[in-house]
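The two complexes that follow have chain A in common; it is paired with chain B in the first and with chain C in the second.
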Partner chain A sequence: MSKLATLISYALILLLLTSSGLFSATTVLVIAHSKVPVDTITKVDLRDIYLGDIRQWKDGTEIVVVDTKPRNKTKECFYSYIGKSPSRMKSIWIKKLLSGEGNPPEVVESDTDAVHKVASTPGAIGFVTKGTPLDSVRVIAEIVDDGD
Partner chain B sequence: MSIRDLKLGTKQAVAFGLVLFLMGAAGIVTMVSMQSIKVNIEHTSQLWLPRAITISELSLFTTDLRRQQIQLTVTESADMQEELKRQIVATLDKINAARDRYEELRELAVAEGLYSDQERALYDNFDRQWEGYQDLTLDWIVLLRDEGQQAASQILTEDARRRSQDFRQNLSELVSISSVESQKAAMEADRAYSRTHGLTRILMIIAIGVSVLFIIGLIRLVTFPVKRLADAACRVAGGDLDVQIEARSRDEVGTLADSFNQMTHSLREARAKTEAQEAALRKQNAELEATLRQLQEAQQQLVMKEKMASLGNLVAGVAHEINNPVGAVNSSSDNARRAMEKLDRQLQQCAADGCSVNSRVSNVMGVLGDSIEVISMAGQRIAQIVKSLKNFARLDEAEYQKADLHLGLESTLTLLHHELKNRITIVKEFGQLPLVNCYPNQINQVFMNLLINAAQAIHGEGTITISTRTVGEDVEIAISDSGKGIPPENLPRIFDPGFTTKGVGVGTGLGLSISYNIVRKHEGNIWVKSEPGKGATFTIRLPIDPGDETLLKS
Partner chain C sequence: MFRAFSIALILTILLPGLASAQFDEKPVKVFGYFQVSFQQYDSSQFFSNSNSFALQQLDICLQRDLDPNLRAFVNLEFINNYSSSHHWGGFEVSEAWLSYRYSRAINLKAGLLLPRFNFMNDIKNKTALLPYMIRPIAYESSFNEIIRLEEYVPQRAYIELYGNQRVGSGTVNYSAYVGNSPNINADPFYGQTGIDTTDTFLIGGRLGFDFELISGGFSTTYDRTNRVAEAVQVFDIKPQPLREIPRMRLGADLRVQAGPFALESEWIDVNYDEDYDYENLEFDFDLQFYYYTLFIEPTYGLKLYNGYWYSKEKAIDIAGPDAQFATPILGDFALELRIPTAGLAYSIRDKVTLKAQYARVREKVELVTDSGTLKLDDEFNYIALGFSAFL
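What follows is the complex of A and B.
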């Protein structure tokens, strides 16, 4: 009897831990203007776009990169996904800006602003926390961070 | 089981083992400590110091960046502006390179567990502030491009300045942490070194102490006992077999000592046995010699006895043969004297009757009377000599009997009359003597020997004094002469058989020896006192009754 009880309690604890892990996980959605000519995007492409190395979509549309200002989990998650910390990324942008090789991303103050910006700018790309009301933007990637 | 009972090899092994253990311990302590020092030095040189340097560089580069930004804001030369932009890009590269380096070092430090939460927080903080500063820089670049230097300098002197101060503050804290930690590590290394130094020294001192003790022990356990053994062996070789070695331990040396003791014991026994045998042999030899001497003496005495016996027989025979004619002479001379007296009375009667007697007859009568008188006296003297001879020889008295010693002395003197007369005066100081149980002929022989020696000791005229007396149960006869005396060196040997001072043919050297034996046989004693030039006194002491006759004969 007691064995069964122990087993059940273990199972309960396991469930609790798993669910809490699920709750703490952050999911980031990579969104793009509804007219962009892609449905999905690879990690490498995403990084090159944010570094300013890729500046046009396949159809020649200028890419407009949108960055959210607050340094929150979503931002951490996104930047760690593409392999550059925000501050490193900014160094690169400064360099590009100084040498006139491109513009830094458009900075918005919140996820909602980001959605608006992406929805209203042709060729725009950005990232928001999953759960943010999405107007007419296209979700081209979903980044799941396992908590940590 | 004490340390004494262990074998030498075990003792050595134990001591060597101890020394080895201590050395090994010292070595291990040193090695462990060296490892610790090495780790601390490595941490300092590979983790702490590079981190501090990298952060310092980072701080320096950010300062450079800021200086270049300010220059860019104020310079008016387009060339200069382009140059400064290139410099800013280069500085950013440097900053990022420094950050890369730092992050690599951080990985290593994390792996070593040497990256504190404080450092992590500080660096994260710097990262955010640096990001913010870069945001401002981006804004500054846009302003510079779009609105000119005036507007741009605004950002630099206000927000950017504050932020740069903040992150530089962070960086300097990071540097100080790294410095403090590297100091700590250095101090730890120093402490480890001191600790090791002390511990190693103590262990080494102990090891040296143990070694010294071990050497002393070895000397005590081996060298001293072996030296004792060697000394003991020397003494044994020198003949001292009573050497015993105390076996203090039960190792090989102890066993050796036991064996040595056993050996000396065996040697002692063997020597005792040999000595006993030798003593027995010597005793037997002495007995043999004594027996031989006795045999020789007996032989000589036997010869002498035989001589004396023959002489006695001869003397007795002669005396006997002479006795009859002498008796005839004596009785005849008596008869002749009586006849002479009768004839003389007849002649006187005749003269009274008036007949004349021829004077010549008277003369003849006188001569005749004198002759008869001489013959009578001579006959009597002969009779006396014969009697003395018979008395001396005592052939009829050779048996053990009570005898008058004075009579024996007188007879002897009579026989020696011819030797003594005219030259030597005999003084007799005779006391009262009882009859003495003895063999008279043997005692007379003793008197004869002593008197002849006394007479021979006197050259020319002299005196022999014979004194006798009774002393308790004994009689004592002393014969003194006024002769030359006996040299002191001869006194101890005077009674030895064959000892003589007389020339060859004068004496046999047996006289005193035989006398001594006769006196001893009678349970008596004979001794001599003499001073050179003052004569000698021989004293005989005889018991009046020496006891059973059979004892004397043996």
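What follows is the complex of A and C.
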């Protein structure tokens, strides 16, 4: 009887973990305005752009960084990929803003808004969950987080 | 010579950029933040219970991008319920500078600016950014009456060269600046106030690194101070000794992130060249300060922390005249502060953060003179609640 209870407990825990999405894979697409002069982007360049250290594309166009407001797995996955937690990035942006050394990303409410913002803003870059309808943007990187 | 070199450097870097600017100016951006607090001190040997609400700090920033690489920035700061009619608090032009970005590795700032020293010096007044109600003591302006904050960290500079460069998966950053020595005239009788009365400079800088989960750096400044001469001038010693004593600050800072945990720590050591201009006085000036804070962020927007702050100041000071010392007398002075603290910061919206903090302040003072020793120990609790908000 006790073995059955233990088995049921393990099964319930497994069910909770899988339904919570802990082991589910997340794929994030890094998107950019259709006229940016790159086809792909490296992780280090991506981090430098989001930290405000790189501010222009190679053709001199000013980079407009777009972030999404909701804290979700996509955002976690993206910032984890570039090596900073969302809250750490927020601190860095506030510091740059209050020190007069940079402007924080433009924040949008959803993935769909991010696509529209990037598509309509020359030089813009953002990230969305794979599966979000893409319109007139260029995908320059794909980040897969297998939940490990 | 140095002054001329600095001016030539500015002109060399700045003027080509200014000349090529297309003057595609953006409108002035106005933003800021403030922090409101309720603070309570319990009774101690020197103070009775007290509690007070206060507009602890209000900062208004003005920023204008004159072109993509040229920016003007002003930060106006009001502290402690500032009111000129009531003579409360203080108002200060905290920053007013022009910056030019030549590349990510070469940036130049000219004007009144906050020098980078360790992790916190240039952001110490950005209360909206910090989780604390009361900052680590070398940065806490409300402790200015207990310890001499200006001795621990540089307060202002006027020209700064800074930038960063990618190295492997991280970056190395640097800052080099020059400013006034601390010998600023505050008495109109001696001429223009607010200016350095000597021909010495403050020079300093920081060399740092930032990798994914670890960042830190080393900082230093060098200047010459008249502080000791001012302390002993009451004794009419001639010739006036101990003027423009070399002073060197050394600092190190480290920040490590591990999942929801983060450790932030700083160390500062201030050395005065006691052998310089030695006359008839023996003295031993030294300052030490360190702090560490362990953060945990169990959920986005909520930070809990536990820290320990320590400072030790050795100096010479004057005792009396009072009941114990009939005439003023010089003595070896030592002040030690130990402050364990804990608190939390919770962002209820992107622009509003609630804060609470508790600290136990332990103060130990000793003054040793030829006529006797004065020892004081004090301990009190400090509790603060408040919030900071962006404008």
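We take it that the second predicted complex is superposed on the first by the 124 of 148 C-alpha atoms of A that agree within 3 Å, B and C clash if a C-alpha of one lies under 4 Å from a C-alpha of the other, contacts with A are read in each partner's own complex, and residues count from 1 in each chain.
In this text, a contact is a pair of C-beta atoms (placed from the backbone, for glycine too) under 8 Å apart; a residue touches a chain by one contact, two chains touch by 3 or more.
These numbers come from a predicted model, not from an experiment.
Colleague: Which of the two partners, first being chain B and second being chain C, lies in contact with A:S91: first, second, both, or neither?
Modeller: Both: A:S91 reaches chain B and chain C.
Colleague: Quick check for you: in the superposed arrangement, does A:D48 touch first (chain B), second (chain C), both or neither?
Modeller: Second partner only, chain C.
Colleague: Check the residue A:R71 against both partner chains and state whether it touches chain B (first), chain C (second), both, or neither.
Modeller: Both partners, chain B and chain C.
Colleague: With the two complexes superposed on chain A, say which partner A:G83 touches: chain B (first), chain C (second), both, or neither.
Modeller: Touch partner of A:G83: chain C, not chain B.
Colleague: Which partner chains sit in contact with A:K35 here, chain B, chain C, both or neither? Use first/second/both/neither.
Modeller: A:K35 contacts neither chain B nor chain C.
Colleague: After lining up the shared chain so the two structures overlap, which partner does A:P104 touch, if you call chain B first and chain C second: first, second, both or neither?
Modeller: After superposition on chain A, A:P104 lies in contact with chain B alone.
Colleague: Is chain A touched at more residues by chain B or by chain C?
Modeller: The partner with more contacted residues on chain A is C.
Colleague: Quick check for you: in the superposed arrangement, does A:E62 touch first (chain B), second (chain C), both or neither?
Modeller: In the superposed model, A:E62 contacts chain C only, not chain B.
Colleague: Which parts of chain A are in contact with chain B and also with chain C?
Modeller: 69, 71, 85-88, 91, 94-95, 97-99
Colleague: List the residues on chain C that touch chain A in their complex, please.
Modeller: Contact set of chain C toward chain A: 31, 33, 59, 61, 63, 68, 71, 73, 75, 95, 97, 99, 101, 104, 114, 122-123, 126, 128-129, 164, 166, 169, 171, 211-213, 257, 262, 297, 300-301, 303, 350.
Colleague: Where on chain B does chain A make contact in their complex?
Modeller: These residues of chain B touch chain A: 85, 88-89, 92-93, 95-96, 99, 127-128, 130-131, 134-135, 137-138, 141-142.
Colleague: Mind pulling up the chain A residues that touch chain B in the complex?
Modeller: Where chain A meets chain B, its residues are 69, 71, 85-88, 90-91, 93-95, 97-99, 104, 107.
Colleague: Spell out the residues on chain A that touch chain C in their complex, using ranges where they run on.
Modeller: For chain A paired with chain C, touching residues are 44, 48, 53-56, 62, 69, 71, 83-88, 91, 94-95, 97-101.
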